[in-house]
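Chain IDs A, B, C, D, E, F, G and H follow the sequence of writing; residue 1 opens each chain.
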Amino acid sequence: MLEQVKTGGVGIDEAMEKLRHLPFEDLGFARVDHHRQIRRGFPEVIFCPGKTTEQVIAIFESLAARGNNVLATRAKAETFEALAATGKFPSARYETLARAIVLEQKEMPASKSVLPIVTAGTADLAVAMEAKVTAEVMGQRTDLLCDVGVAGLHRLLGYLPKLNDANIVIVVAGMEGALASVLGGLVRCPVIAVPTSIGYGASFQGLSALLTMLNSCASGVTTVNIDNGFSAAVTATLINRKIDGAAQGT
Amino acid sequence: MLEQVKTGGVGIDEAMEKLRHLPFEDLGFARVDHHRQIRRGFPEVIFCPGKTTEQVIAIFESLAARGNNVLATRAKAETFEALAATGKFPSARYETLARAIVLEQKEMPASKSVLPIVTAGTADLAVAMEAKVTAEVMGQRTDLLCDVGVAGLHRLLGYLPKLNDANIVIVVAGMEGALASVLGGLVRCPVIAVPTSIGYGASFQGLSALLTMLNSCASGVTTVNIDNGFSAAVTATLINRKIDGAAQGT
Amino acid sequence: MLEQVKTGGVGIDEAMEKLRHLPFEDLGFARVDHHRQIRRGFPEVIFCPGKTTEQVIAIFESLAARGNNVLATRAKAETFEALAATGKFPSARYETLARAIVLEQKEMPASKSVLPIVTAGTADLAVAMEAKVTAEVMGQRTDLLCDVGVAGLHRLLGYLPKLNDANIVIVVAGMEGALASVLGGLVRCPVIAVPTSIGYGASFQGLSALLTMLNSCASGVTTVNIDNGFSAAVTATLINRKIDGAAQGT
Amino acid sequence: MLEQVKTGGVGIDEAMEKLRHLPFEDLGFARVDHHRQIRRGFPEVIFCPGKTTEQVIAIFESLAARGNNVLATRAKAETFEALAATGKFPSARYETLARAIVLEQKEMPASKSVLPIVTAGTADLAVAMEAKVTAEVMGQRTDLLCDVGVAGLHRLLGYLPKLNDANIVIVVAGMEGALASVLGGLVRCPVIAVPTSIGYGASFQGLSALLTMLNSCASGVTTVNIDNGFSAAVTATLINRKIDGAAQGT
Amino acid sequence: MLEQVKTGGVGIDEAMEKLRHLPFEDLGFARVDHHRQIRRGFPEVIFCPGKTTEQVIAIFESLAARGNNVLATRAKAETFEALAATGKFPSARYETLARAIVLEQKEMPASKSVLPIVTAGTADLAVAMEAKVTAEVMGQRTDLLCDVGVAGLHRLLGYLPKLNDANIVIVVAGMEGALASVLGGLVRCPVIAVPTSIGYGASFQGLSALLTMLNSCASGVTTVNIDNGFSAAVTATLINRKIDGAAQGT
Amino acid sequence: MLEQVKTGGVGIDEAMEKLRHLPFEDLGFARVDHHRQIRRGFPEVIFCPGKTTEQVIAIFESLAARGNNVLATRAKAETFEALAATGKFPSARYETLARAIVLEQKEMPASKSVLPIVTAGTADLAVAMEAKVTAEVMGQRTDLLCDVGVAGLHRLLGYLPKLNDANIVIVVAGMEGALASVLGGLVRCPVIAVPTSIGYGASFQGLSALLTMLNSCASGVTTVNIDNGFSAAVTATLINRKIDGAAQGT
Amino acid sequence: MLEQVKTGGVGIDEAMEKLRHLPFEDLGFARVDHHRQIRRGFPEVIFCPGKTTEQVIAIFESLAARGNNVLATRAKAETFEALAATGKFPSARYETLARAIVLEQKEMPASKSVLPIVTAGTADLAVAMEAKVTAEVMGQRTDLLCDVGVAGLHRLLGYLPKLNDANIVIVVAGMEGALASVLGGLVRCPVIAVPTSIGYGASFQGLSALLTMLNSCASGVTTVNIDNGFSAAVTATLINRKIDGAAQGT
Amino acid sequence: MLEQVKTGGVGIDEAMEKLRHLPFEDLGFARVDHHRQIRRGFPEVIFCPGKTTEQVIAIFESLAARGNNVLATRAKAETFEALAATGKFPSARYETLARAIVLEQKEMPASKSVLPIVTAGTADLAVAMEAKVTAEVMGQRTDLLCDVGVAGLHRLLGYLPKLNDANIVIVVAGMEGALASVLGGLVRCPVIAVPTSIGYGASFQGLSALLTMLNSCASGVTTVNIDNGFSAAVTATLINRKIDGAAQGT
């Protein structure tokens, strides 16, 4: 039977209503999606590689003009310096380790839950910091637990009770990435695994850790792209907000 | 400073207390983890490939004896027939499309939230069914939305309001797997993307869809292994339980 | 500047009008896209792998009921036999080499132009036949030129004048796939290259031919998936229709 | 039966006539193909990587001496500066973003049709510019539509009517490259998909986008090499010329 | 300075003496290396794949005639049946799970040390059994510890004291293979890691486990080929013999 | 300077004379290259995979009708049986191990030189036999030396003087393929290395041996496709013919 | 039967005793595992890549404060200079070729056995030196044998008697890595194979040598990661210690 | 039957005689193989990458002291400058394009035959030059034919008669590498194919051309490593020498 789609009382007409008035701003080289804050709960974020400094600054200005917090990831120090030199964003700061430019101009209510970000090694810290900065700019309280990889498992065990209090845990690991599976077998909550490109030889720039995490024998582990601390943090934030919201009856 | 780890008042000693009394059952060829229900919130699940029929049945019996619901994934029909022939589990059933054996002997409270499982094509249905059966045996209510891939995007649009009501959405797609990104850009909640091995040639048994999902330009998308409907469902269930629990003040 | 998109006098509202009334039919396991004929110029085609025989037949019936020609690709002979056994489509036929089920019930005007389909070897014939059947069911006149690979280049040269009369040429080649580059350097029109999985060892199931075609030093060569005669034919048909249409002033 | 090939009245002898008088110029390190303009409808183009500056200049001079427009792709700024320093080509210009040297000395009639070049992100702009410059030097009118990727699909929808007016559309996308499939499902004309190396981690320098495009569930999508804006533009131009020519009865 | 090599008083002449009298037997299709027992401490072993049943039997006879224990790995049951049907080796037996034919006709002194063979899952048992059979036919006492993977780490912990008594431990694991790293971080002795092809999707037939093991952040882990229980056992045996020998002052 | 190519007094016109009268036979599904015997010194050979039995027989007949020896490689026994059943080629025979059909109806003068074909293991014999049959049907005398791989290097050493008498040596090896390098370092003549798909796990169907051979630290080693005994034999034959011919002053 | 694990009289409780008192030091960005010396027999080693100079120095200080020998691998000269500039470790030295910082402050008893480290080429020396420095800092006497690859096998033969005296041999080789197999076939003891990234083209940064070693037809060969001289040395040291210990009755 | 190997009257004893007196020179970091000239017909060649300038110079001196011509490949200009600065080799020269250092101090008789080296593009010239320099230092006369790739096949055709005069042809090609197959189908002699890393995107640093050449449908084509002009030249030289020698009755 051919049907006009009616799903739970909602038809395509209404779906279109959702899409048709969505605003964006055409900068020529970019179409800034000002609707993303409403649609997805957080504003568009600037991924810097492949963009010229001028393009980054123009998009930054466009986003900042809406009053949102602005985040630019994978930014070079030079890009931040050029941005700072415009004098327009005195409160913008550069997070060196995370390679992120942050402008916080809108107060976010602090999350009820705390998001643990766990790294296997010290060298995974840059990726973990990208996750941390991203989550914090979206209002999450975070707890960074660094260098507790499986080569010395006892370093992790004392933190298990704390990790079990979390709604979700982000695990950041390079080399063989085994920490995600081990933690996935020990904690109650889901694990978001971030493979890093730390390693050499047959790590193939993070491929080894990525495959490890995808093949985790512990269920409840999902994976993001290599070195993608940003996406892990967004996902964790979306989940934590749901849970915090549910606890508040919203 | 060298320290005895004390994190939030919890030391390694206490962590060890958590681990030391964990029960398991030694069948020789398997060590059944009877503690998993407590530790992770769901009992051990039998992954059938590589196990003999005798081994699957023995593990099945061991798990069933605890009174839990039992799930065996990637099971052949012959395995179910052998299990049925034992006469011990009259209520066990075989889910043909999902290739799963299910024994439901413990009533699970129905979830408050509904979990949408969306497929790009009809051929992705087997993987989606594995997700559906897994989620349901863990008490989730599910909603299967089949064949709404990007080749005919209008088929998806009418369901957006409904999908936006969900806490989390599972997207199952083979070939180029673009549906995960598209949906990830349209809905408010996180997306768990399941690449499938459906396709041919340069799909390389699901590699294409996997890479697509890992590289999603839409944030909030995390990925599981190719064809791993099971793990997607476990993760979604863990998240939904947290949210339902928070709503009930637990 | 934030804008309501107005591009060439057309706004999002009107775009939505295009999408909102698009019909499809919900079979549960499939959502048949009956709008595709209008939107893309040809009806939905059934890709059989991963679908049960019952599903293929049901989709076939749904498509046939609209009066369109119906094409099912990668179909097993058994599937056709089951379809034939329904007695509903006496004029449906099975193209053995192409592994396609064809139902022609709507007369298509014969194309003005002829579409050459060239294969490097005899073993590439199955893929070429898929292209041929697809193009013909869409109204194209085709010309199959088989086994003119570069190991005996003189076999090709006599056909160059004819090939130069074409609007577009489909080249089907496995092993090293060099024919696409060679032909691309000799003819005036674009070449659609179809790598096949014919070969062994380091052909890696068509990867070698695929890479060859993607790296063609002759420009004007575009590539489709390994063994994807279908998509090559659809693309060639769309182009030929444009040209035939332009010649007729439409 | 052994035959002297006679195909449509044309034999190998005549084919040889076509090849035997083809001129080229031997520069020692290069054999400049001056016949390409006649055979393929556009002059040889200089692909700069792997050539010394002296070689590029010498080939440039050889091509320019014929009065054709000259295009050198993937050129470094230094190469252009050295070329400019010869003082021989005062009207040559360097297209920074496209990394192309262009010498327009032969007026090309403006194409009747307009060629849309669509990018998923701002970072794909360099590849899109290579396509744009190439198409324009061959006489095409182009329309660049930048940053309408699937993370914010509404940015694309307003342009659909315009895209549907085109004979062919070039889609340029990195990361997961989903835009090609989505657009392929929405427009009437064929899509030439250009994967870009934009991305990180498991994008594997464009492999992810390439596989996505090759596996597109939307038919009518063909693919060129990663970052190969040039070849996409050549193909699109050849097709547009056919259509414009057909409309003019040629 | 050009030299006649004299290293520790041993010249090439003497090295040649070692090689020149090495016996082998020419069967036409095989050259059986009867010297291997002396040179390497164990006789040649028959790797069955790619050999005809007749060839396997002939090599088996050649080896057995020397009075050594004979081992044929990756043997099909049919091959054993054909061997048994010759009536020549009444004491030969077939190890079903290990897929090995064993003829023990020479008493090996039982090793002083015990070799632990640890598997992550039940499905890794076949590979572990190949290792066990191989080690035992070479005189090792073994201890098989099955299904103690990281999804339930507590199943492993009780065995640590025992594992720490070993000279070397063989770890057999598929999927993500994390057990090798975890165990490598916990025990005092070296670990020989055997990746298995158990898994699906992105395990790519054992590649995932292989990369995990090669990239182990725990040092002291070396790796053999996927599913190669045989080579792991040989290596472990060579090491154990050295240690047992040293303890006996030999 | 633009030139009419004149190289050593030979122009394109004359080159065309070479190509224009080249005969071939159009069977519809195949264009049999009857000129190959003249152009390349050996007739076209039938590669069976992907061809139907009917096609193989028809091409076989076409080639046999010229009086040449006919070779069909990778043929199934069934194909030979069907060919034999035609009763047309009573002297055709099937080489089981080589999987080749051979029809010798034209006496080839025996080569002056002997071609050694060396295998690392017994399991490489099928590929070596394809090389042997191919070389012999082209008139070469061959010497098969089987199972002298590097695990027992002394088995090879006695044959070095003989191998050093050869013009060229074919080495056939699977697994790690080290024999090609070792032999390449010991003999005076070039080595044609044939990787085989023998092995398992990380041999990746011959990829390991292929890479080994391509990376040989011994120079003078060239490589053919995995399992391609045929091409190795053709190359060796072409070289031996040149040398035999030179010795006879031709 | 559900059991409290009792294996050889040792329960989980006692296993926990082993883990519970394990000390580590929390530096914020690192958790230095001071227990590793006891647990694994050697102190934690600093892998420098991905760590800032400040982090390396802080961890170095933490480890040095325990009185152990300290080793930092893959260290840049600048890092050593910064460390030296602190004036705290006057006896620390930089091993240029091995890229290692070494602080020897605790006398290690010289090993009874000598560890041969053999390289195929001169270019493999850096990796071999990492192995040598690592083994020596752990008390091993080593013997470096450089450039005896299979292209000139006679260079190796004179050293066979000496190599046969060893307990274990480390083989370091790039390109095709055949030396590991060859040596594995000649010596009595196990071989630890270290593939190096030396090579070009199809060596794929060491992949070729890695696959060669994993697929070695000689048994008794185990493999570590590409360029991982460190792990090979640790493994060899652990084995040598066991043997030396056994000889001394410990 | 166990045998003392007697093959054509030559036993292992005699084989050992061949190996035992082979001289080499121990430089510590290198063992220079002075016997290679005798054994393989050309002296050892220095592959520079991974060697320090000091090491290259020392090996160069060792080789030069024997009076042979010396060749160092993949040498940086700086290395040559350092070598020149020693003042010891006034007649050494640096071949810039080939990146080779050449010392010709021993007159080689000019070869009777001429070796054609054919490139597909100008950018392949560096690799072709490495082949040319190598062949010439070994006494070959060469003929370089540049930029005759398949995008303009007519550029090649005029040279066919000349190429057919050759004993063997070297083909150097990047991108899709189709020239090797095309030439292999046209000439009578064998073709040595050298894939180059010229290309971009899906050429994967020469992998595409390598696979093309390995899968050539034209037989008589063998392949060397990517960019390995050196090995192609050595092989071609060995073959040409055999043929020239045979013509002279040696």
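In this section, a residue touches a chain if its C-beta (ideal position, glycine included) is under 8 Å from a C-beta of that chain, and two chains touch if they have at least 3 such contacts.
The structure displayed is predicted, hence computed values, not measured ones.
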- Item | Any chain in contact with chain B as well as chain D | A, C
- Query: For chain A, which other chain has the most distant CA centre?
  - Reply: F
- Same residues or different residues: which describes how chain C and chain H meet, taking over half shared numbers as same? same
- Note on the structure: Per the C-alpha means, the centres of chain A and chain F lie apart by a whole-Å value of 57
- Separation of the C-alpha centres, chain B versus chain G, in whole Å, is 41
- List the centre-to-centre spacing of chain B and chain C in whole Å, with centres computed as mean CA coordinates. 37
- Task: List, in ascending order, every residue of chain F touching at least 2 other chains.
- Result: 5, 12, 16, 19-20, 22, 24, 121, 151-155, 157, 185-186, 201-203, 207, 210, 214-216, 219, 225-226
- Query: Which bits of chain A are touching chain G when the two form their complex?
  - Reply: 121-126, 146-148, 151-155, 157, 174, 198, 200-203
- Message: Going by the contact rule set out above, which residues of chain G touch chain F in the complex?
- Response: 120-121, 149-153, 175-178, 181-182, 184-186, 199, 201-204, 207-209, 211-219
- Within their complex, chain D touches chain C through residues 5-8, 10-12, 14-16, 18-19, 39-41, 45, 154-155, 157-162, 167-168, 185-190, 192, 210, 214-216, 219-226, 230-232, 234-235, 238-239, 242-244, 246-247, 249
- Query: chain E touches which residues of chain B in the complex?
  - Reply: 19-20, 22, 24, 28-31, 33, 35-36, 44, 47, 49-51, 55, 59, 74, 195, 197, 205-207, 210, 225-228
